[in-house]
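Letters are used for the chains, namely A, B, C, D and E, taken in the order the chains are written, and counting of residues starts over at 1 for each.
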């Protein structure tokens, strides 16, 4: 068997996302193993729980690399990823991030590969759309007070103002807190034309609360809005959002739900995709008869360059470019209103 | 016989503090249990109460052995302790102090845990207020903010609420000025005599204790060294133990 | 009218917080150690009620099931864990650590069974709104206020008017005397844990009804509630409830003058300074 | 064996923190749940100095220790007025306040993003970048900490601190300054926490608020209690045991999707059972 | 000549309760003065006011001509006044010797700096002090119990240890709050003898006492306090002979 590692927050408050990511990886691996593995080699992923803490991440990274000689490790959340990045460089171990989008991840280490675009690109699309296509001149920002949220705020703010718009207010909410009312009330009081939201979870609750204050503004979000529960929420009617395109075939989503009892959401899909990318590299190395090391995996990744998994993922740099869609939630469904192909 | 201790022994940790304690108490009798510091008086009372397990010997109450009963059951049967220090609920007001204890309706069960049918409590809250009118005036005062003497009256009130059959009084006079001591002791005396309640009175204030005691037991080093009438005690050379 | 909206919102949130604070206060005033697993009981209440609803029980019956389970769990915690620790002479620090262990067990147990995803009750009536003084409040929020005030009144009545409540305060005041006057402190502790746990089930359901269920969702709310309990003065139910509302209102109104990321910090800063001036809380005896 | 050395280095840093916590909570009886906040300030200051100035590493550690001495004195002072349970929760407030500052003062701490790229320590021209090398530094730090702790505990100062734990008023009545003793103890605890912070930041090269939050403070308390409060040996063994525990639990085979939660559950169970059967900790006095 | 201890016009109010009312008295050097009065008369409050545990609302305290107003408890000890507490306040988890050591002044190594940087010197002086502590314990007859934990001492021994502990401070004026309460005959005689001995060694004592026998036997002067007010000041015989005081102390309504 070929062993891979994953250092994710599997318990504690961050586990909402971490466990979804875990399921995505596990699902992809199980699927490959069910078909007999890669060229006869079974894949095994060793999951370690870092509770989103940097010191645990470093310890676990060393554990995986030292004790298990693991060539590639999946990671999520920017803090832990950034903590492990220098080690990845030194140990020439591939770190694969499929969920965190902070801009700092782009250049943190040559061995840190992001299979999801950093927020800057995505939000530039959104900001341009809002200003130019939707004609919104003023915006307010509601962001989660963590690395992802802050990066989202900064990127959106930059892009929207560059496009010519004006940010009239911004409010953070603590990570994991689904009581958005005070922030929403304050933002609504600034009377923006559009509210840009960047929060990783709790979007259905947000929709309810926005409806409650009888908001007059348009609501826009990033790819985190592709949450099926949000889309199914009638209060999310009219929300628009970018989506880092990732689509699962009908049967696959159903099979996933049957297996884990939870939706094949954004994060499982992304990590499914990340796992496919890594496994494609392994397949190539096996075919070329090269040892599976972090260094070789990285080389293989840039040789293959374009991966066709759940979405087309292109690696020109450490960070993938994928297709981005502009979607609108209407009648409990997500409809694409504009397509921006990968650069 | 109301209470009988035979060859009782008890202690803390590996140390046996009291041993061979044999004494008996009749209804209405006041027994002064004297002895120097650390003689084991408090330990004896605690063992009677069931707060400390007996290591040997038996405690009989109303003729039956009660060694297997826990504290609550002994209290229910009417054995009541006025503890060292202030035995009051300092954060509650006077009326609530009396109410919570009265609600337990103690002393109305026999040692087998069966209710004594038809027996009304000997002391109800009303009776306590009659005994100590000053408590009546202070019903809504926080107990902890009363003077030392008033607190001690309340403590005694709590100890006799319900139907006390055997009172264990641990140094009730400590820190009290002589005027209060005299008054309180007079109250003990009349309670015991009029209601036939037996009492073991542990005191350092020997003079005061002897004024109301029917019998004197003196302890030394965890043993009983004298058991007799107050007059005999006055004459015997037991005072060397002090 | 932003301030009015924030004020109302603060009061609603304060009522939810107040229920947690009052229930915690009842327990803390009697036992005097930090029962941090209260957060886990709060969480459990929500999940049990959610399950009962999914099994087709009507709302009120599901709530009753939740309350009953919480009460039983609270009593069991006291009997099986705290009482044993207490008997073995454990200090409050040791009990605190054991309680932390217990909350790890309970919260992760919930996470293992229900996953860490945010669960929705999905009761449409909960989100329907009513206009009050120019602000829109959901039915859930109105219910929170009603239950909050009722919990406060109930706790006050219980502690100061019922014999069990007085007994509870007596046990807190002098455990040794309670033992020798047959107030049976152990039973009282069990009863108080049962009552406090039953009580915390109500915010444990009402808050997630509004904001979604999360296995670790009870921790931040208990933290703030604890601060209300202490700042209000240990043993004072009024203090706990009042301070909970004050804290919630302050956190909301602070948005008027500063960015939201600082509101929590400032609230706790004010609390620390307040404690320096009133080291035994607002309503200290 | 980088895994082992990383584990040892981290545990040694936590020993310093354990000493700091034990001194305040176990010895003096100041029940502080804000030690992680002080630890964080040390870490951030060292990181800031090394990243934004040419301060040499030893000086950065000294400055961090100095700042934490000051800070710990300030956060401990309320214990002179606020007692018992009231102080526990007050220090809790201090911890939450500190977390808010760490998370939101983007200019100083990098906010929620954290500070990546803290340079490794350089001493005598040598860069201590590999865990094995770094372990040398952390071992020295821990040894110095333990020595200090041992020296003060056997000196009259130790007895004075224990006396304060029992009865402050009586200590004052004997002509001793409670204020001075508490300030000294807080200073010492601050120095431990501050230097631990400096070591931590340079070792990990990345710090963010999650290492210095209430959970971290509580972990420190747990380490001290499990190891055994009030003793030197207890503060040494506690961190080693508690950091190893998750790794040992990881050896238990559980279906992956519930494994992490189940392991945390077992961790909780172990804590409960341990407290039930050994409330004084592994190597501690009865508390 | 200035008085040894001079207390002038102390007033202290707790909420609605006037605990001390215009209390003035002086204490002469080398004498045993007993402070008597019913419960709640304010005796302990006077101690608290003298030793800096309580700021009086008005009034002054002067010791050997130096004002003690506004001094902290530890400063008062440094001036040579030490007190015991009605409820002992011993360090129960420390040994008898450590309790006495805690009372000793000017310890080397009592702050961390010396403890860490002069470890040998610290250890050496500590050894010397431990011997000195044994002497103090011998003075009250507790030398055999030196290394016993206080919690395991009998009540009488604890009372003696309280006195030993303040003797260790080297104070000349000792304020003892009910040193004999709860003591039985032998222990009581022992404490009385100790008090006399201390007097003969040049200490001055102010003692709160409820036991009239003790007052008669040891007091040179008696101060009678009632409702926070100093009613009388005289020899034991005078005070006991006063029917008005006897009525307050021994009779009166509950």
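Of note:
Methods note: a contact is a pair of C-beta atoms (placed from the backbone, for glycine too) under 8 Å apart; a residue touches a chain by one contact, two chains touch by 3 or more.
Source: prediction; values computed, not measured.
Of all chain pairs, the one joined by the greatest number of contacting C-beta pairs is C-D. With every chain reduced to the mean of its CA atoms, the largest distance from chain E is reached by A.
Chain centres computed from CA atoms place B at the largest separation from chain D.
Centroids built from CA atoms put chain E at 73 Å from chain A. Averaging C-alpha coordinates per chain places the centre of chain A 34 Å away from that of chain D. Centroid to centroid, with C-alpha atoms defining each point, chain C and chain E lie 48 Å apart. Put simply, the C-alpha centre of chain B and that of chain D have 52 angstrom between them.
Contacts with at least two other chains are made by residues 108, 111, 116, 261, 264 of chain C.
Multi-chain contact residues of chain D (touching two or more other chains): 103-104, 261, 264. Counting only residues that touch two or more partner chains, chain B has none. Under the contact rule defined at the top, the touching pairs of chains are A-C, A-D, B-C, B-E, C-D, D-E. Chain E makes touch with chain B in their complex at residues 37-40, 86, 154-157, 178, 181-188, 210, 212, 248-252, 254.
Considering their complex, residues 1-4, 6-7, 10, 103-104, 106, 111-114, 116-117, 129, 131, 200, 204-208, 210-211, 215, 243, 246-247, 250, 256-257, 259-261, 263-264 of chain D touch chain A. Listing the residues of chain E that touch chain D in their complex gives 51, 53, 72-74, 76-78, 82-83, 85, 89-94, 98, 101-103, 105, 107-112, 114-116, 119, 122-123, 126, 129, 165-166, 168-169. Contacts from chain A toward chain D in the complex involve residues 10-12, 15, 19, 22-23, 26, 45, 47-49, 52-56, 58-59, 62-63, 65-67, 78-79, 82-83, 85-86, 90, 102, 104, 108, 145-147, 149-151, 172, 175, 260. Of all residues in chain D, those touching chain E in their complex are 148, 151-152, 154-160, 162-163, 166-167, 169-178, 180-181, 184-185, 187-188.
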